[in-house]
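By letter and in written order, the chains are A, B, C, D and E; residue numbering begins at 1 in each of them.
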Amino acid sequence: MSELLNWLLWVPLAFGVGALFFPRGAARWLALAGSLGALGIAIAFVIDFSASEPGLQYAVDNEWIPDLGVRYQLGMDGISLFLVLLTALSWAGATAFSALRRYPEDAGRERLYYLLLGLAETAVLGAFLAQDMLLFVLFFDLMLVPFFFLIGIFGSGNRVAATTKMIVYTLVGSLLMLVGAIATAILATPEGGEISFSLADLQANLLSEGSQEWIFWFFAAAFLVKMPAFPIHGWMPDAYRACPLPVLALLSGVLSKVGAYGFLRIVLPVYPDAAATFQEAVLVIGVASILYGSVMAFTQTNVRLIAGYSSIAQLGFITIGVFALRPDGADGAVLQMVNHGLVVVSIFLIIALLYERAKTEDLSEMGGMAMRAPVLAALFLIVTLATLAMPGSANFIGEFYILNGVFQAKIAYAIVASIGVALAAYYALRLYQGAMHNRLPEGVESREISVRDGVVLAPIVACIVGLALWPGLILERGEASVTENVSVVALQSCTDEVTGGLGTTDGPGAAAEVTACAEDRYGLPQIESEEGESAGRGWTPYGPEVSVIE
Amino acid sequence: MSATAYGWLVLAFPLAGSLIIAFGWRALPGRAAGWIGTAAIALAFASSIGALVMLQDEPAEARHLTSSLWDYASAAGLDIQLGILVDPLSVFMCLVVTGVSALIHLYSVAYLDSDRGYARFFSYLNFFVFSMLLLVLAGNFVLLIVGWAFVGFASYALISFWYRRGTATAAGMKAFVINVVGDVGLVLAALLVFRELGTFDYLDSFEAARETFSVNEGVVVAICLLLLVGAFAKSAQVPLHTWLPDAMEGPTPVSALIHAATMVTAGVYLIARMYPLFELAPTAADIAAFGGLATLIIAATIALAVTDLKRIIAYSTMSQIGYMVVGVSIGAYVGGLFHLMTHAFFKALLFMAAGSVIAAMANVQNIDRMSGFRRALPFTSLLLIVGALALAGFPPLSGWFSKDEILVFAAERGGMYWIFAVGGYLAAFLTAFYAFRIGFRVVAGDPCDEARELERGHLPHAEPTNPLTGEPEDTDVGFPGPEHHIAERAQPMAWAMGALGVLSVVGGVVQIPGVTHVIESFLEPTFEESTLFHLVPSTGAAWTGLLVGAVVSATGIALAYYCYVANPGVTGRAIERLSGVHRFLFNKWYFDELQDALVYRPMIAVGRFANSIFEPVVVQGIVDGAVGLVRGAGVLVRGAQSGFVRAYALLLLGGFAALGVYFLVVSS
Amino acid sequence: MEEVAFFVLAIGALGGAVAVVGLRNPFYSVLALIVHLVSLAGLFLLLHAEFIAAAQVVVYAGAVMVLYVFVAAYVGNVEEPIWDQIPGQRVLAPLLATALFVELAIAIIGTGLKSLEGEGPTIPLGFGSPASIGELLLERYLIVFEAASMLLLIAAVGAVVLAGRRRREEPSGG
Amino acid sequence: MTFEAPHIDYAGISPVLALTAGLVVVLLAGVFTEGSRERLVVSALSFATLAAAAGLCIWQWGEGTDLVAGALRLDDLGLAGGLIAIASAAFCIPLSWREEAADRASGPTGHAEFQALLLCSVLGMVLLAQAQNLISFFVSLELLSVPLYVLCGSALRRRESLESGLKYLIIGSLGSATLLYGLAFVYGASGSTDFAGIRAGIGGDVLGDPLLLIGIGLAATGLAFKLSVAPFHQWTPDVYQGAPTPVTAFMAVATKAAAFCVLVRFFYVALGPAVDDWQPALAALGAVSIVIGNVGALGQNSLKRLLGYSGVAQAGYMLVGVAAFSEAGVSALIFYLAAYALMNLAAFAVITIRERETPHGDDIRAVEGLGRERPELAWPLTISMLALAGLPGTAGFIGKLFLIEAAVDADYTWLGVAIAVGTMISLAYYLRVVAAVWMRPSAKRVGAEPEPLPAIAGGSPEADAEDFGIAAAANAGAAPPGTRCRTIIALTVLAAAATVFFGIVPSPLVDWAANAGEAIAAALPV
Amino acid sequence: MAVEWYLVLSALLFAVGAGGVLIRRSPLVILLCLELMLNAGNLALVAFARASGNEEGQVFALVVMVVAACEVVVGLGLIVAMFRRRIPLNVDDLRELRG
């Protein structure tokens, strides 16, 4: 099964490259086959995955650049599992959407388009699968390249400036992250040891608090820009305006998640002290993103930007979920990443349909399109309700978990964040109503969704509905891995607190204190230590072992 | 079958009905959708009775059964089941909801007949009933919130059912957003409960609350206040009430079902359901009661002034729910819930009658233009008067018993609670007056043009206009169809109205002081832990209260008769003389304007500010600033690249000079 | 005696250098350089570098300067404009030159190397003679010697490439 | 008079001998052949020479001895530098085939001279990379430079070419004089010209002596000029732009390789004991270079100029490897040099082709619309730009990774950050080129109606007429794009493919670079 | 006569030469100034050779002479070529390439 990870990763790119050698009309079908293949593999992983086990359930570990300590390490745990599925599904959707509509219109560039899509999918999957920090950084940066071209070549309006701005802005963060990653590996290497970027090794040799603190911000810069978070979302409006819609669906739906994933997968376990130290700083950013994104989405009339700013708000939720530093908040964040991905992908595909009917992207010039398009309206309505996290949708459960986590950790932030829930109702509904309801303006056409678009949109919406019925699917599978990652922070910071930063506890009394602290403050489930077992080991069920002096 | 199995069935039928209609909308011929919808609700009603029967079989102390279908979202220490709680309170609500709903569905089968969105309507309506039942059956806070929000959504969907009408969509949005505010309150309340008590389950949390909290402890008050946000938003209590009058944009059966009989009473249900918490937080309960009192008076005064038929009834609804909120807040659970039931009957009836009248008026809703329908619409007129009498609390109709039960309880509790009794009777007087403002306007007097035409056998038609703004509307899709339906000519409407008329008249018999106490004894197992439930006024006191109520009601009706039948001009003169007061009331105490100024406008202003100033200046400023800095440096570097080779040499040697200075400094 | 010779030659070298920089006519500058080079050759002699001194006179002052003279004559007398186009260059250049001198002088004077303070160590007979230099060149610095010869060859080729006349260019060439 | 002929390890010095011999043969061949035959024969001979030299270098790989009485050092570091220079030369010869500087339409063609000059420069580079004596260091640097001065100015019809030649010569000689003065001081302070002797001579009291340090400063200035490190970089953009493109390509890549090798050897072997004094200076120069190079490249329309500034920045990156003063630093440097060669050569090759196909010269307009029109050129150019920008999937990324790792390992984390910041800025201009290639409508080709060329000749009207004639003739006889310059395209694609290959499978190149790093390990503190 | 004196003179000559390069605009004179600088270097080399008592500096100086000659040859070649192309022999007029 583990070998399938390689297939999963490289199939999209291989098919994309293969498409280069196909005749023009056929390339798209090959690319579609590739994305469906990846989807199939991803589904196989979901089926095979065991819900209760923490840690990596599948792993590939090969040498890559031994001199630099970089390994080709892939793996999948409960956090990446559904993000991989989301990626595969979104790409299959966007590829199918494009292929069925014979997009791009410029047949001469068709093969290029699908090659870039394939490359992008591989890069994103790579980021989700990488278990080597440098490999992660590599894929994280790599994914920008195809998007640079996709926006720049196939986009509209001021596309070149927009795409350049996007890539430079986002790379600002990720290049700092590269430095941070290298610094981490070097600082974590014990005297005379071999340098290693493997996440497992880095988690085993935590850095000093001082190092963690500056490296933390290098990573945070990368992730927050990518999401994007307020106030460093400056690239977003232009890029969203220019991006072709199937690509935008991916950009907004999937790429933004990589940032949040990075926080959870890398920052928390590798920089636990810094994460605890800067918890409130990131919470402030998250809450500000929620409020700002919502308020912006309020008054925007460009439909893409409404969705875009709403994404800022949603990513704000996900961020605060992760930085609740509790299993519940983080588990909710994982669920919410998938939910938001599904919702945004379908929103942008719907926006494509709206644009086709209204010939405008200005909400104030749209309206009444539900008239002869009940199915489209129904699909749009479901997506809208999921967007505003209507209770009963999986998005609500995600937000509920997140708010719960933050509520238990830092109550004030949760209360402020909950304002965002109410605001979301307004902007999401405004988008739906503005497009579908009221009178049909001149020049806007009300036309039912065609079968070729329906076969793409319907399955995605079906996933949204399915998840609404059983959000536990993701929550249960994510729980163990999430707890593992969060527990590192909890134990680290509690140990520091109990021992006054010495990192060691003397005696079982202190160990019990740490356990209590971790449970109380971070909601970490307490594992009953068996009688007779050393007290120090009983409370480190997950993550690195903290040394204990008896 | 167990009671919980019936409970699941209660939920299943409406949901199935909704889905069948939604997916089969194209295949369903004629009124099939309507009949399917009605049948689904009727089956749900039957299942409710099944649940009732099964529940009564249980011993009294075991009458709270739970059941869970699956782990809805349980992970990371949170245990969230897809579980229901079947107990007397939820079964009582199920019976009211499904019973009234079935009748309203029946009415709608004919009323909406010509509408292009017929199937959509029934799908929504069935979904609403499902949501409402989910709300009342939910066994934990999360599922409660789900039902709560579903109800809000169904309400939104049905308010903007005629989605081509701008006022309707705006009203829907307003309703939805205010309801979401309520949802947020509930969510926070649930989180606080979980934080303090570690569970989302009703029964567990109530039990834990009794052990954990002392009376009036800050946390429990906070929980209750947050719950009240939800309850007030949903039940349209001041100040979160402004959506309800606007919600009258929906089709009349919707107004009857959702915005009178069922959904808006969810807040009352919530307070009753959460009584263990409220009894631990008397402060919060008192706040709720005062909110209810304020609402019932304010709404009654507004109902005196507005002229839109449906809006008058809507304000009356607010006012009546105010009674219920007062009731359940001060501990008159039986009275509150009893009034909830009777109100459902007579208010639904009033709306149905109003729908019939509006149809006869060719979609005109201004009562000033109506008069003399008694011959043209005899059946409707009769039931309208019955409904008005019940609303006015005229003996021996149902409203008389239920309302006074609450007020007597208030008086019985004494102390400050006398205020509620006095306020309640004051409002009852106003209620009687405006109820017959409607009754006499519609029924009495010379027939208006439309009534005359109807007497000649024609149903009047007019160009379709928006009843609120008077703007002409297109008839293509989604507006009231080309044909109207009045109860006199449409069998299903007549059946439904007839049934409700009977219930409005006799509904009071279940709880006559000293005679019957069906509701009280049925609900007792739910409220067995309550300290207030058992505080029952003496039969004498109860009858005294009823007597006062009857007098107040009769006085109000008499005044209305004086104003609208005996001296038709007197109201006009009164309006002139009291123009300030009238304007204040006619503008609904300026609540809309207040909300606009305090919430909506600031929000939009902040949004505009963010969009037009903050985003370009700060957010783009970060980008532009960095870019400008780099560009500026680039300009400098390129400027230094002057093309003069001697300048290059200068820089080269200058560079060395600098390097040399460094080396000289570090040299020992 | 040596001091006198040094100062005379130093003044000659410095004067020549200053004249090269200061004279406005390139032709005169070339002549001034010859004075400078010859003075330097004298200084080399004082430093016991006979072969270098000889090479200086023969190769430099002789061959190379002839080349200069020819080119100076060929391109004619180009007067430089008084006005300096580069703002500040006129001020900065002398300042920078002074700064350079100061830095170098500090390094030279401030050094702790004892050997610079005296006349240098006693040296064997034949120090700097053609024989000993030649030996060094052909033994230790064989590769340098070869490389220098390649350099001369390629410089010649380069000069031909740059300045060599071609048939088609004759009409336009001067 | 008795000479003791020094022991000469002919195997070790064989690459140098091969190049010398080849150079002479090429010159002679030029005398005896004419016209198109000349190009064929001379090129064949040049290739043979370069191939032989490269083969001999590879043969000697792994050796580690002093050559010719210690004037040269045969080790993997020097060989690596030499190999990069040789490969670049081999790449640039086809580029020069139609270049006006070598292929004069009127009069005898100049291929022999052109290629002889090129070979001589390569010879200088091979020697320089191996030099471990101040004198051989200086003379090989000149052997490298003098032919380049000539080559830069060799497009005699273009005023820019002459201008660049003269500017290069003046600044170059100034740099040489500075370097010479610095070497003199180092010699004076240590009493030796051998690197090993210097190392021995500057221990003790001399360490930290102003004479030595000023000498180091002067030498660093002279070398930094050669490496186009800011603030000694100002000749670079002008000369890159003015010189004939094949020369620019060669100069940009090969000079850096050889000069960095000698920089490493000089600073590590000879000046190793003084590391605490020079390390911060080199680090600061690296940082300044990164900033100035990158901001200068913004907004440039001339691609060669852009690559010139980019070269300044890249030199800054590579200087970080030197400043690290570690084996990893040297390995990173060599890796980056090789990667830099691949990516730059591909870019210059595309510019060369487009200069001939469009009237825009090396202006960015020349590559507009290339993606649609000439994918075989667009892809290499794109890959090369992305690699220069250090995006993953290319050797450029691995190179930067390597350098940052070396910097951080040497406790120069801020230099790693400087590389990252520089890369951010650099994206703006690299991506501008990529955007022009893929996202702009295509430039007008010269094709059917020969547009008058811009007045590039200046001064002489006759010469101008001649130029037009040449241009018109070239266009009239021009084969459709795609069939011309097949060799160049093949080489370009190869270079781009290698850039990607080493981005994905970097290990062979990393190992190769690590060998070079090990060669210097003896000079490093344990 | 201390070697230091020679070195100070050499530094002075170097500075004068450098100043000349910075001030003069005729390429011919600039070449002359560069000669001055190289010769200053030679003087330093020979002086250091004297101070250290080995002849390596002298050999170096010899090589520098060759190098200087080569630079002159190429430089003069360029000047001649420019003169033929009627490019003004003033380095300040060589500003086609800039920015």
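Basically, a contact is a pair of C-beta atoms (placed from the backbone, for glycine too) under 8 Å apart; a residue touches a chain by one contact, two chains touch by 3 or more.
This is a predicted model, so every value here is computed, not measured.
Counting steps between touching chains, the shortest path from subunit A to subunit C takes 2.
Which two chains touch most often is answered by the contact tally, and the pair is C-E. Chain geometry summary: the mean Cα position of subunit A and that of subunit D are 43 Å apart. In whole angstrom, the spacing between the mean C-alpha positions of subunit B and subunit D is 78.
Rounded to whole angstrom, the centroid-to-centroid distance between subunit B and subunit C, based on C-alpha atoms, equals 101 Å.
If you average the Cα atoms of subunit B and of subunit E, the two centres end up 95 Å apart.
Residues of subunit A in contact with two or more other chains: none. Residue positions of subunit B touching 2 or more other chains, listed in rising order: 638, 641-647, 649-650, 653-654, 656, 660, 664, 667. Shown for subunit D are the residues in touch with two or more other chains, namely 135, 139, 142, 146, 149-150, 153, 156, 165-167, 170, 174, 178, 181, 185, 188, 191, 209-210, 213-214, 237-238, 300, 428, 460, 463. Per the contact rule defined earlier, chains pair up in contact as A-B, A-D, B-C, B-D, B-E, C-D, C-E, D-E. Those residues of subunit C that touch subunit D in the shared complex are 103-104, 106-108, 110-113, 115-116, 131, 134-135, 138-144, 146-148, 150-151, 154-155, 157-158, 160-162, 166-169, 171-172. Interface of subunit C with subunit E (complex): residues 2-3, 6, 10, 13-14, 17-18, 20-21, 26, 29-30, 33, 36-37, 40, 43-44, 46-49, 51-52, 55-56, 59-60, 63-64, 67-68, 71-72, 74-75, 78, 80-81, 84-86, 89-90, 92-94, 96-98, 100-101, 104-105, 108-109, 113, 115-123, 127-128, 132-133, 136-137, 141, 144, 148, 151-152, 154-156, 158-163, 169, 172-174. Those residues of subunit B whose C-beta lies close enough to touch subunit D in the complex are 630-631, 633-634, 636-638, 640-641, 643, 645, 647-649, 651-656, 659-660, 662-664, 666-668.
Within the complex formed with subunit A, the subunit D residues making contact are 331, 371-372, 386, 390-393, 397-398, 400-402, 404-405, 408-409, 413, 416-417, 419-421, 423-424, 427-428, 431-432, 434-435, 438-440, 506-507, 510-511, 514. Residues 134-135, 138-139, 142, 146, 149-150, 153, 156-157, 159-160, 162-167, 169-170, 173-174, 176-178, 180-181, 183-185, 187-188, 191-193, 237-239, 241-242, 300, 305, 458-460, 463 of subunit D are the ones touching subunit E in the complex.
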